[in-house]
Amino acid sequence: MRYFLNRVGFLLLSLWAAMTLNFVLPRMMPGNPAEAMMAKFQGQLSPQALTALEKQFGLTNGPILVQYFDYMRSMLTGHWGLSFSYYPTKVTTIMSTSLPWTLGLLGIVTLISVAFGTLVGILIAWKRGGVADGIIPIVTMFLQAIPGFWLALVMVYFLGFKLGWFPMAHSYGNSVQVGYNVNYLFSIMNHGFMPAVVVFLGGVSGWIIGMRNNMMTTLGEDYVVFAEAKGVSKSRLIFAYAARNALLPQLTSLAIALSSIIGGQILIEQVFSYQGIGYQLTSAVSNEDYPLIQAMFLVIAVTALVINFIVDMLYGRLDPRVRRGGATS
Amino acid sequence: AGLTASAATAGQPIAIQTGPNGNFQDNFNPYSSTADPGTDGLIYETLFYFDNISGKTFDVLGNSFKFSHGNKVVTVNLHPNVKWSDGTPFTAQDVVFSFDQLKKYPAADANGVWTQLQSVKAVGKNQVVFTFKAPNGPFAEQYVLGGTYIVPQHIWKSLGDPTKVSVTKPVGTGPYELSSFSPQLYKLTANPSYYRGVSKVPEVDFPAYSSNASADLALAKGDLQWTGIDIPNIQQTFVKADPAHNHYWFPPSNVVQLYTNLKDPLLSQKAVREAMSLAIDRNKLSAEGETGYELPAVPTSLVMPNNKAWLDPKLPKQYNSFSYNSTAAEKILTQAGFKKDSKGIMAKGGKELSFTLDVVAGWSDWDEDALLIKQELSQIGIGVNVNQMQFGAYYNAIAPAKPAKPNYQLAISWTNTGPTPYTLYYNMLDPNGNFNVPQFNDPSVTGWLNDFARTANPARQRMDIFKIQSYFAQNLPAIPLLFGATWYEYNDANYTGWPTQKNPWINPAPYTYQAAAIVLEHLKPVK
Amino acid sequence: MNGSTQSRRRKGSGALSLFLKNPKALVGLIIFAIFLIMAVFAPLIAPYNPQSTNFTPMQGPSATNWFGTTSLGQDVFSQFVWGARTSMVVGIGAGVGGTLIAILVGVTAGYRRGVTDSILNAISNIFLVLPGLALLIIIESYVKNTTPYLNGLIIALTGWAWGARVFRSMAMTIASRDFIAAAQLSGASTLRIMFAEIVPNMTSVIVANLMYASLGAILAESGLAYLGFENIASSSWGVMLYWASTQGAMMGGAWWWFVPPGLAIALVGTSFALMNFAMDEVTNPRLRSAKRKKAVKKMLAELNEQRRKEHGDRPEQPGVAN
Amino acid sequence: MVTDPNNPVLQIEDLSVAYVTNDGFVNAVNDINLTLYPGEIVGLVGESGSGKSTMANAIMRLLKGDAIVTKGRVKILGRDVYEMSEKQLRQFRWSKMSMVFQSAMSALNPVMTVETQILDTLTSHDKSMTKAQALERAKELMNLVRIDTKHLKSYPHELSGGMRQRVVIAIAIALNPSFVIMDEPTTALDVVVQRSILNEIRRIQEKVGFAILFVSHDFSLVAELASRVAIMYAGRVVEMTPSNTLSLMASEKHHPYTIGLLEAIPELTADEVIITGIPGNPPNLRTLPSGCAFHPRCPFAEEICTKERPVAVTVGPSDIECHLYSGKGMKQHV
Amino acid sequence: MSDANQPLLRVEDLVVRFPIAGRQYIRPVDGVSFAIAPGEVLSLVGESGSGKSTIGKALVRMVEPAGGTIEVNGQDVTHIRGRRIKDYRENVQMVFQDPFGSLNPVRTVEQHLAFPLRKHRMDKTVNVNAKIDELLEKVGLTPVADTRQKFPHELSGGQRQRVAIARALAVNPKFVVADEPISMLDVSIRAGILKLMNDLRADMNLAFLYITHDLASARYIGNRIMVLYGGKVMETAPSDELLRHPSHPYTRLLLAATPGSRHQGDLPETSNTAPNLVEGRRGCPFASRCPLVTSECHEVEPALTTLGDNHSVACHHPA
């Protein structure tokens, strides 16, 4: 219980720090959102509009502390306000149209690459010194070192533009009926394939190598040797004895991977014109769209902290040694 | 909004891309500067449209207008039989209401019309009388008649502050109605009861793209029919894909200037600006920085050929185009008393001709231009330090809006243009101008500008412009570099009637909204 | 632990032999060395000024322009060579910078514990959690006119958190060892304990972090440049890709412009990873044993076979040696 | 259960094991011959690093990492362990021979309950065993090693070191093997706990009757438990002697290393306490000293010791590898 | 040096507590008192977890005592901090239990010694190099020149332990806590360390707190033996006296478990549960295992009573 409360306290502290940073950072940027807005129009908008925009956005020069408390209050009460760059659309609306796509795509890819990478890592560690062990880490490492956006561009150009195998843009076909039907689902998968591959290749190597190295360590542990000696079957030895323990350190990485999902993948979304949060976040930042930035950072911070918290707790469940007391990392 | 199913199947839709913009948000509010493309022009309309490329005036909701009382009053006759797309008749009251909204909610008044307007009154159902505080013809045309979108009173009167609502079911008078929306695509269908006749293009699609590269591919693939994006190497990447139908035209629509801060003791010296101008090879900027899409500007800062009619026929030859001569440039500096110092930089009285040049990071053509300028100016001993900034910071530095500003030395930026050169000159050179980046103030120029605004006599207006252009060419309050292009690519496989270089009847960019609606009205299906 | 110290003992030959014994790491070292040479001697290797626009634009590879030309008529190969310099400096610089911050934060947190730990840990969690790119952009907008080097600095400033986490737990383990207590008893100051006692024990982890941080920095720099957050007059691979992309290199079929920087980034990244394999084996001796054992088994079997032929007796199980 | 005394449970013939390292071979076990008979307890002592665990692992065919058997053979119940297929080995190991690992702390999987780990042992060898039967047997085993059966549900870290060690012993005898290796089963424990575990082992061994190879470096402990003791130095068994000879009071002849060990034990009750260590350091197994590996530390060393490796000779009840007794080129000292 | 009757170190009612789960505390050291004279060795024996190391750490102030006083040379050092702790540590040093963990694997023997020597030398003229040689000589790590350059992994356990001792001596202390310096070592190496400690005591008048759970070595080196159980002193007596006439049932259990002891035999024990260290416990900590236990033992904590001749015991039923 004490451990739990400790973690909760820590969680709240981090949250507060993140929110404060979140308040300070965008305001440190030179210019103001109204001025940044002008960029969208490249001079098509009269400078009168600037004054109008400033009025619309309610940009005040009130005492910073008052602004801060207002900000905290509205963040905590869920009044996240209206986006500047999409004025007067609600921040929540913007997030709700892009976040699910990001979560869907990146979430699934992350889970797949974790599952795949872990499995491959286990197997090549078991057959260490083998051909697969020699090749797979290097090949995936190379793929991971390719800039994702570059790979994405090449894929869009060849597989999408030249060959027409996959759609070049968007998260689903524009002619399909949106709703629970096979066509829609198929269309989503079809459109998600190339981005998914890029994201997958960008991350899978870490999982493979991480798991392989952990496995190597556990495979040398006395309890694994002991289990082998006492005659447990091979699969049980690999999965129940070695892999299970090797998995534990991977949990922390998983937590970070999962929490970073929510920030999206701007470069990849941009190349595939995928409807994701990364683009919104980046454009919010360039447009100094405080309400949107703040809300997104808040969601990101909360998610990340909560996931970390859950993983911490989960760690306790999975590893009986830390069930009582003690930090996990 | 009523659907015209039969029309939708009759002709092919046109897919438009006005520029990469990520996901769309469901907002068709004409008071919002971030409303989705098509809101203005296609759904809501202005009274008239004054084109900055052809210089022509197009009737929209208005049928005719007349200046009176020494240009202080404009009387507009409205098009009869106009209906809102929900069937309610459109009346002069709607116009008055739309303007009253701007007065009541200054945040909505993006053009500041009420800084000039005295009153807006309806006379009967079809006439509106605008009274101005002072005569200002150009302002009345560009912003009041041509820049204010009219909304239905019966709907908006209950919406409160118009800047704070998201409009998802727009009701307008325009040729199109919203038929479906999703963040990655929305569709407009032709208004079946449009007062100027139902558009021959039954459906207009707006798909979302997040980057130029992504839109370029879609365009080349034929997924888009009308775009306004800067495509590099366009012959190879776009035209070649379908030479018979893929076309582009990049007409000039403004002037890209090298702005010099005239509050700077060195830059305020004419010799310095003159030398700079002479030392810049505009052909090189055009060819390398702009891949030939934007041509060298002229010393008068008129947008050519759009402003051909306003060019003083007696203007000395040397002011018709810039020449490039770095030796002459260096000589000008030497004559003005500058000498190269130990660092090879021209200096006088210990003050070096060394400046920072602000450009927007990521506006790659300007960034490239800036680098070329840096190279060239360095040859005559002027040091330039290129400063690539995020737009917000950049705009903040050059914007003349606030007293403490601007805060820059050199900057590359655009000009605001309108149907006549007045807009460009006024905005740049009048102390009250909207885009007086150089901080220019000369009573004689201000006088000519005021005269232009007040008079209704076209000949006198021409004389005013003649005086200003020759003043500009002689004094270089800013250094014109290139003509800023309007981006326009289209595919004429399904429709004809597009504006072309041969027939430049209107600004062809899909992002010039009222113009876009007029273009769509003029398109005809290919037989 | 023992492994790493043994390797330290036989310095000079040690570090190198570590690579020579490991083919993977050796390949990595060679790739890295090629790019490093390119970076160091860029002015000598690059045939032309990377910015000057003297050639026919958009030409494929030829004898004068090995990698062809850009749409502005610049020599792609020269840009590539100068890009190596920038990217390597940024990659390694940001890698080193980020690792240094990570060491400072991680070791302090791991050693001091208590409130210091909580605060530092919260800070690194925040940096871990906040989307890096967004943070980068915010900082970018603050510092005008970003060069790749500045970007490297920013990448280092924002990308240290993961390392700090690793170092923290490592430092915590080391700090609980008795030799740390002994050092305290002999009157060593906190700084001395952190940097003279703890840090040298984390070498292999630090090197591994350095490799991955450098890889991350090169990727991040190219991403930033591609998004246009970098002075486009710089010569870096990221800026090359930016130009290639804004000038439609791919659609225009100018693969020679588009492919080299992407591939080079991937190769340098891979070389870091490969070199890290050598480090892995120091940290985890088990990783290297399997192969060697196999080789020795084979050797023994051959020896056996030979003896059997000589003496004509049956092979002893499992083998005779010595 | 008890087999013919002429039919040994364990026969080690000329066994050599080496570790392959970057700097060459580490000869951890050299030419060892050892025989164990049913029901017998034999001690194996030698200081840390003398190759005891390596030998134990070699017997079990459990050499890990870089270790390879370079010579010799190991037979359990007459079958050569190294000629079995992997499958045969898996069946054979643990049902006929088992082992208690050096450190019980790490021999148990930290994230599995004791029950799971015992059941795993039982069910992987007898697929027909039902869960209930296995559980029954597990309880029986827990009773045998005197741990409350409620601890079946415990995780290893919830048990004290002594209890963990008992669990490992329970797992080792789960399948009624004929032969158990116990590799320093009590080193990490408290004297009191150590004692009680030894008593436990003795009790169970009397009851079940398997042979034990008891590895330790604690002389007095082994002397008490075992009937015969093998003394290892630098990978060789330098002496094999009945345990009752192992006391300073006993006047039997010993290898000089054995004498050194005996002298190094502080006596608890003697009036005058003088202890002396063995001078010098343990040998480097990479480059063993020539001749007798003990010669650099041996107070009796002569020239021959540096040149020729002694062969085992029978001296009284013991077999000793030392030139002192081989009668070669030595002045008689002892 | 102060005279023999004046103890160098006096510990009175020492209490150490650690927080555990559920807002509770354990007291691994609970009301321990003892004194050590200059040049004396007090052996501290007791089973694992009985609080031996914790006492040692409290003495060098690696842990902060929760109660009681520690006096060194008549000066109260129980709660000093900062600068004064540093000064204090010039008088007391500790040699840690684990020879493998107490040396930094990446530093040479020389580096281990140079720092404390430089730090604690009285005047700058002292030649640190010569001092290192002298120390290594003293702990028998010869040839010195060779040893100096070695890394810990190149040393045997016994050699490492000697380096650790040399490091403690480098500070020039008057008192050393030697925490189970031989438990991890071979029989043959153990002897060397014990001998070394014996020599140091004789030559340098060093006082030791020698922590072990091995009675034989405790007797070998200690003038007196103190038996600890569950954080409390069970019995204290001069070494021979304790072995000859063990009076506490736990001491007898220990002896029974020690090979070669005349008390060796079956273990008279009722269970082997660990003692309860949680704050607020009652009665004798050994009650749960004691064969002589009565209901009184569970309720009342036995006081340390003198049996005469420096022999005292805390038991309701002493033998």
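The first chain written gets the first letter, and so on, giving A, B, C, D and E; residue counts start at 1 in each chain.
Please note the rule applied: a contact is a pair of C-beta atoms (placed from the backbone, for glycine too) under 8 Å apart; a residue touches a chain by one contact, two chains touch by 3 or more.
Note that this is a predicted model, so its numbers are computed, not measured.
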* **Set of chains adjacent to chain C and to chain D** => A, E
* In terms of C-beta pairs in contact, which of D-E and A-D ranks higher? -> D-E
* Asked: Roughly how far is chain B from chain D, going centre to centre by Cα mean, in whole Å?
  -> 92
* Asked: Centre to centre, by mean C-alpha position, how many angstrom separate chain A and chain E?
  -> 54
* To do: Find the geometric centre of each of chain B and chain C from their Cα atoms only, then give the gap between the two centres in Å, rounded to an integer.
  => 49
* Asked: Distance-wise, how many Å sit between the C-alpha centres of chain A and chain C, to the nearest whole number?
  -> 23
* To do: Find every residue in chain B that makes contact with two or more other chains and list them.
  => 213, 217, 220, 390, 392-393
* Note the residues in chain C that touch 2 or more other chains, in rising order. => 141, 227, 245, 251, 286
* Touch list for chain C against partner chain A, complex -> 24, 118, 121-123, 125-126, 128-135, 137-138, 141-142, 162, 165, 168-169, 215, 219, 222-223, 226-227, 241, 245, 250-251, 258, 262-263, 265-270, 272-274, 277, 280, 284, 286-287, 290-291, 294
* Structure fact -> chain E contacts chain D in the complex at 47-48, 156-159, 185-192, 194-195, 213-217, 219-220, 243, 253-262, 266-267, 269, 272, 274
* Structure fact -> As the complex stands, chain C meets chain B at residues 51, 53, 58, 71-72, 140-141, 144-146, 227-233, 242-243, 245-248, 251-253
* Sites on chain A touched by chain D in the complex -> 220-233, 236, 240-241, 244-245, 248, 318-321
* **Touching residues (chain side chain B, partner chain A) in the complex** => 22-23, 25-27, 29, 32-34, 106-112, 115, 143, 163-166, 182-185, 205, 207-211, 213-215, 217-218, 220-221, 223, 254, 360, 390-396, 399-401, 413-416, 434-435, 511-512
